[in-house]
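Read from first to last, the chains carry the letters A, B, C and D; within each, the first residue is number 1.
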Amino acid sequence: MSQPRPVLTMTAISKIFPGVRALDGVDFRLFPGEVHALMGENGAGKSTLIKVLTGVYGTDAGTIALDGEQVSFAGPMQATAAGVSTVYQEVNLLPNLSVAENIFIGREPRRGPAVNWREMRRRATELLARIDLRIDVTELLGSYSLAVQQMVAIARAIDVRARVLILDEPTSSLDADEVAQLMRIMRQLRDDGIAILFVTHFLDQVYGIADRITVLRNGRLVGEWPTAQLPQLALVEKMIGKELDALESIDAEAGHDPAAVAAGTPLVVADGLGRTGSVAPFSLTIHAGEVVGLAGLLGSGRTEVARLFFGADRADRGQLTVDGSPTAIRNPVAAIERDIAFCSENRRTEGLVGELTVRENIILAMQAARGWLRPVPRRRQDELVQRWIGALSIRPANPDVPVRNLSGGNQQKVLLARWLITEPRLLILDEPTRGIDIGAKTEIQRLVVELADGGMAVLFISAELEEVLRLSHTVAVMRDRQLVATLTNDDTLDAERVMHAIASGDRQESEVHP
Amino acid sequence: MTTTPLAARDAKAWWRVPQRHVPVLATLALLLVMYGIGVSQYTAFSNIQVIFNILIDNGFLLIVAVGMTFVILTGGIDLSVGSVVAMTAMVSASLLRSGLPPALVLVIALLIGPTLGFAMGCVIHFFDIQPFIVTLAGMFFARGLCTWISASSIPITDGFWTSMAQERIRIGENFVSVSVLITLVVVLVAAFVLAYTRLGRNVYAIGGNPQSALLMGLPVGRTKIAVYTISGLCSAIGGIVLSFYTLSGAPLIAVGMELDVIAAVVIGGTLLTGGSGYVFGTVLGVLVLGVIQTLITFDGSLNSWWTKIVIGALLFAFILLQRLVVLRKK
Amino acid sequence: GNSDTGGSGGEAGSDKIVLGFSQVGAESGWRTANTTSVKEAATEAGIELKFDDAQQKQENQIKAIRNFIQQKVDVIAFSPVVESGWDTVLKEAKDADIPVILTDRAVDSADKTLYKTFIGSDFVKEGRLSGEWLVEEKKAATGPVNIVELQGTTGSAPANDRKKGFAEAIATNPNLKVVASQSGDFTRAGGKQVMEQFLKANPKIDVLFAHNDDMGLGALEAITAAGKVPGKDITIITIDAVKDGMQALADGKFNFIAECSPLLGPQLMDLVKKVHAGESVPERVETEETTFTPEQAKAALPTRKY
Amino acid sequence: MSAVRDRFAAASGHRLFWPLVVLALLIVANTVYRPSFLSVELKDGHLYGSLIDIVRLSAPLILVALGMSLVIATGGIDLSVGSVAAVSGAVACLYISKQPDQNSLGGVFTALALAFGVALVLGVWNGTLVAVIGIQPIIATLILMVAGRGLAQLIAEGQIITINSEPYRTIGVGHLLTLPFAIVVALVVTLLVAVLTRRTALGMIIEAVGGNAEASRLAGIRSRRITLLVYVVSAACAAVAGFMMTANVSSADGNAVGLWVELDAILAVVIGGTALAGGRFYLGGTIVGALIIQTLTTSVYAMSIDPQTALLFKAVVVIAVCLIQAPAFRARLRRRRTPPPPPPTAVETQKEQVPA
């Protein structure tokens, strides 16, 4: 398959950030007409390698050659011009512009000097239709969910007829359907001879599409293998650098008994809760010690449900009962007072404060709850922060670096730590494993099970249906911003039944809690 | 399984006002209300010439505000505008006094502003220094240059300038000055550039999120430098128009103008954080300030301190209503 | 703007004379006294006053004059913020047949027909009177007499003219020398801060000439703090003669004040009536002004209004 | 040798290093111009000298800038500080001037309390417009900047209120333990603000709100209250500054007190390293910034630089301070001095400006 001449060669690349050696003598090559998976734990240096390639960062050592010719891009603009098209890890688009413009800005169709708006809209609609996204392209991008934004970013990248396409965790918040779409398109492009660099933490996606795998660990190259020659288990071991035993054990641990949990006292009961224009009224009960999973397609309204529970948006109908007494949760403060925590899906805009340090980000919610007059004592901070940095293996383990310098996955862990230290009774996790490597993901899943065993209620949202099924006692299914079914996760429940509930046209009444 | 729920959005009715136009329309409506109040209170207010006078008297302000709109849209700020306006007027006046031909003076005067703007843009971009500081230094610099040229005002007697100043373009009973036409052209060109050219769209992009714009391969640096140059150019044009207006260059003219300009832009609905706003909004913002001032002059019964208090109160009332209308719409 | 005069707008036909008056601003006590004088005199003379405050901006003043023209007032009076740049709008006033009177400060228009008359003080004369008094006071001095000067706002007409008049007058005695001259912006705080530096930089200061009372009053604080006795160790000359300044003069802290009277209201109203009636008026009317020594100040203080 | 270099590298890495260097340079320039500049003598048990003067004169600016730091940290800006200073000064002076005995301590304290109260109300007004009604800070405070001046003049009826009150004068020109009282006040307020923000969690919470308002809200911070609070603190600081300015000349001039102080204060904050966009703030930097600005003003007077070139001089210094502080600029200089060995590509110079 691989041709003799790589389109892209990176040799002995090193990149040093103050205090961190992010890349250390890494070699990498990419052939035309292949999908090449770049793998590694959170903070291994994948995104940095990509940013060095496209000129976002300068290198400290090493050379980059495109088509055998040495290059050094001054920035993404030059890289794009040279035929390297990139979707960076964090969705990096412009929320204040329309969807169409986000796709075409920088290469707008023009008539004379003037941008041809009509043509741009037409082409954008067409392009999005190709990846099965049918949305109003004149709306501002910011009004769409993160997943939609991710799709738009992909659309932008694939529309450029590039020689090299780089996708840094493009699928982190996509559903199975969208992922399938993306895979189809990637295959198409590969067959056209385009070289694709693909970063993901989903092993099945890697084995589904990648021709070749390069593994990084701690900024160093571990090696490069054809996919066929690297079994899944071996890959994971290369990534984490040690023998693996814990991975499969999660299923066994989650040997839960939904019936027993549901018999307990309800902690939070939503009765006809809803918000005009965002979620239709729904009813849902969450018991102490219960994990309720929310399943649904992209944009089906799962996030909106979570936000209503937390008071991030105000419900305009229905009733929420906490501990048996009706409560109006009008804002996050009220929710936190009732021991509800919400780990939002969009860590960059709704989660972290980039300028603050890891430590400050972790204690932020706890501090807010205590009020500013009672600072968390330094010793307590150290203790908590150290514990969770260890438990979630946040890297670098230094609590005093600004959180924006952390890799994407590590940022997600910091956000999780923030809410875990508040010891809530209801923990709402919206895509908590987004962008997290398999090792840490297992860790987090185990944690959820543990917490639930300890009596914490969890509302768990994930684009990965398997994950939802593995962890939840109860699965609530969303479609078109409606709660269409509540299914008990007993032995009979499987992905197929959930998909059926999502797909079937008529609204089913809940099967478990009347 | 290809029907995403995202498709389930009702088609937009043609008459529905897009959300992002609401603030501007609200501002327009409130402006009309304010004008109506003026007409009902003072007889002479209804003269068409009053409206024309607002344009004549605020032309230079509007031109400068248009330039500022570019800068603010990128999330920056330009404090040097007032001084650059004064400097342009001073330079023109002193060059004319020294006997240079008006055409040459015009070219020189129109070059100084953009040059300073370009320099400031470069410092802001290449050295990554906050625009506030750089343009504040630019403001000191230009103002210092004004007083260095001459400590007192210099009258302009040149024929071309005088005719530009005193030419009245009749429209029926009433008239406008040449400056109004210049203003109109500037506004239209700017509106076109912002809405229909790559430069304009890049301006919005940078205001939305400079990091993203960079990663999307947009020419962030070039655009940043361009907006400060444009602002400098607009200030220079504004300075020329001001020198038509006063037929002189005075070292202390347009002191504090930057605040009026910023206020006008922001009242017009442009976000100071960048990324959202329209030139048309800026036009409205300037008109709002103009109408407030005209109302106060027509009243003629306020003493100096009540004048300030009433300006503040009217501004407050206006912004509060604007806010309420927009909130209600949401 | 709610208005009790609403609608009266100076439509032609009402028998009351309507005067549109555009004031520079309210930047000092002197200016406020000036405004008050104009307002009171207008009421007394039965003239309807349309008052506008330009907040020290020429642009605002031009706008105000345009609006007066729209309102068809009978006479326009204004204190120009700066000298240049009035031709266009004054021409409009002339075309609308509205006579214009300048108060307090002059304009430099070549076309003298654009305004009817000027009423105000002669700043050069004020500076000269101060200088002449000093020459007289120090005529016995044998050694050099070191003078420091607190200037008004840079470039303003009063600052320029007072400096000029003073310099002319003291030129007659080569012993009198201005060793330092800085702008104190006509404010007390400015006067104090600049004086502090003068005192540090110049070991021997004999005379302080301040372009207005306020700066002189600020300088007093600095002089006292430096351990010197104002009025004795340092001779102090100021201009304006506002109440606080007169008090300092009476207390012996100042030595001499040249008056610059803000009370030109009555004289202005006379001119307005004459101009409105079409009578001829002199090209230049000077306000009645005098100078004060400590004794004269003591006598004048009880009746001082501003 | 290399130890020295290491120590230098460590020191020059500190945020305050370059601003302090500029401050030192300014002082050296003054000393060269007039050697007595550095001398500080004890007169009647009071310290007296140019350096003391500079600190004393910068006291009001320091106060205003401290409040401004907090406001800027939340991503706002407060243009009304000058007007608030004028109003509070006018209220205090008016009240004292109406007392039969202007020297009575009780009267002065009542006046201060009254004026301080008025300032707090103005702060609440600003905070409400920004935090509750949601008006952009620059416009919200512009309203009070304009109207507040009018208010100050209204209180004094356009006149300068002159008072003759020894206790009040003390605030501006008095001494305590050989130090000018104003310096003591500035020190105390600085300590207070520092303790308030850094010994409690307030500082971090303000930085969180300024860094990412939505994230802070979702973390349970009552960001409205915090925003309101910083505007109140800013107004309070401005009020104390207003007392100093008016006490300095024993009179309240509604038009001149605090004129343009907002620009100087913002400048001080930004020179001190705080970003106008909000987020991290540095009180130490702000104070150094304020000292630089006042030293600059004093130098202009002391060196009798004529006002015409004073502004040019100021422009040059401001730009110099900022350039020397900017990492991008220093990186460029360094590169020019020691060109990097192997592949020095033409495009490489471009890279440093890309924000990480």
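The rule is simple: contacts are C-beta pairs under 8 Å (C-beta built on N, C-alpha and C of every residue); 3 or more make two chains touch, one makes a residue touch a chain.
Owing to the predicted nature of the structure, the values given are computational and were not obtained by experimental measurement.
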{"item": "Selected interface, A-D versus C-D, where C-beta contact pairs are more numerous", "value": "A-D"}
{"item": "Distance between chain centroids, defined by C-alpha means - chain C, chain D (Å)", "value": "34"}
{"item": "Between chain D and chain A, distance of the C-alpha-averaged centres to the nearest whole Å", "value": "44"}
{"item": "Chain A-chain C separation of Cα centroids, rounded to whole Å", "value": "72"}
{"item": "Centre distance in Å when chain B and chain C are each reduced to the mean of their C-alpha atoms", "value": "35"}
{"item": "Junction residues of chain A, two or more chains touched", "value": "56, 75"}
{"item": "Overlap residues in chain B, where contacts from two or more other chains coincide", "value": "147, 151, 211, 214, 303-305, 307-308, 310"}
{"item": "Numbers and ranges of chain C residues touching at least 2 other chains", "value": "25-26, 32, 35, 154"}
{"item": "Chain-level touch network, classified as line, ring, star, complete or other", "value": "other"}
{"item": "Interchain contacts (touch definition) - all pairs", "value": "A-B, A-D, B-C, B-D, C-D"}
{"item": "Chain D partner contacts - residues on chain C that touch it in the complex", "value": "25-29, 31-32, 35, 154, 180-183, 185, 187-190, 192-194, 196-197, 200-201, 214, 217-218, 221, 225, 227, 244, 306"}
{"item": "Partner chain C, residues of chain D touching it in the complex", "value": "34, 36-37, 43-44, 50, 53, 57, 153, 157-160, 162, 173, 245, 248-251, 253, 255-257, 297-298, 301-302, 304, 307-308"}
{"item": "Touching residues (chain side chain A, partner chain B) in the complex", "value": "56, 75-77, 79-81, 86, 88, 92-97, 101, 105-106, 108, 110, 113-115, 132-136, 138, 140, 144, 148, 156, 177, 297-300, 479-481, 499, 503"}
{"item": "Footprint of chain A on chain B - complex, ascending", "value": "1-2, 4-9, 12, 18, 20, 192, 195-198, 201-202, 204-205, 207-209, 211-219, 275-276"}
{"item": "Residue numbers on chain B that touch chain D, as the complex places them", "value": "123, 125-130, 132-134, 136-141, 143-145, 147-148, 151, 210-211, 214, 221, 259, 262-263, 266-267, 271-272, 303-313, 315-316, 319-320, 323, 327"}
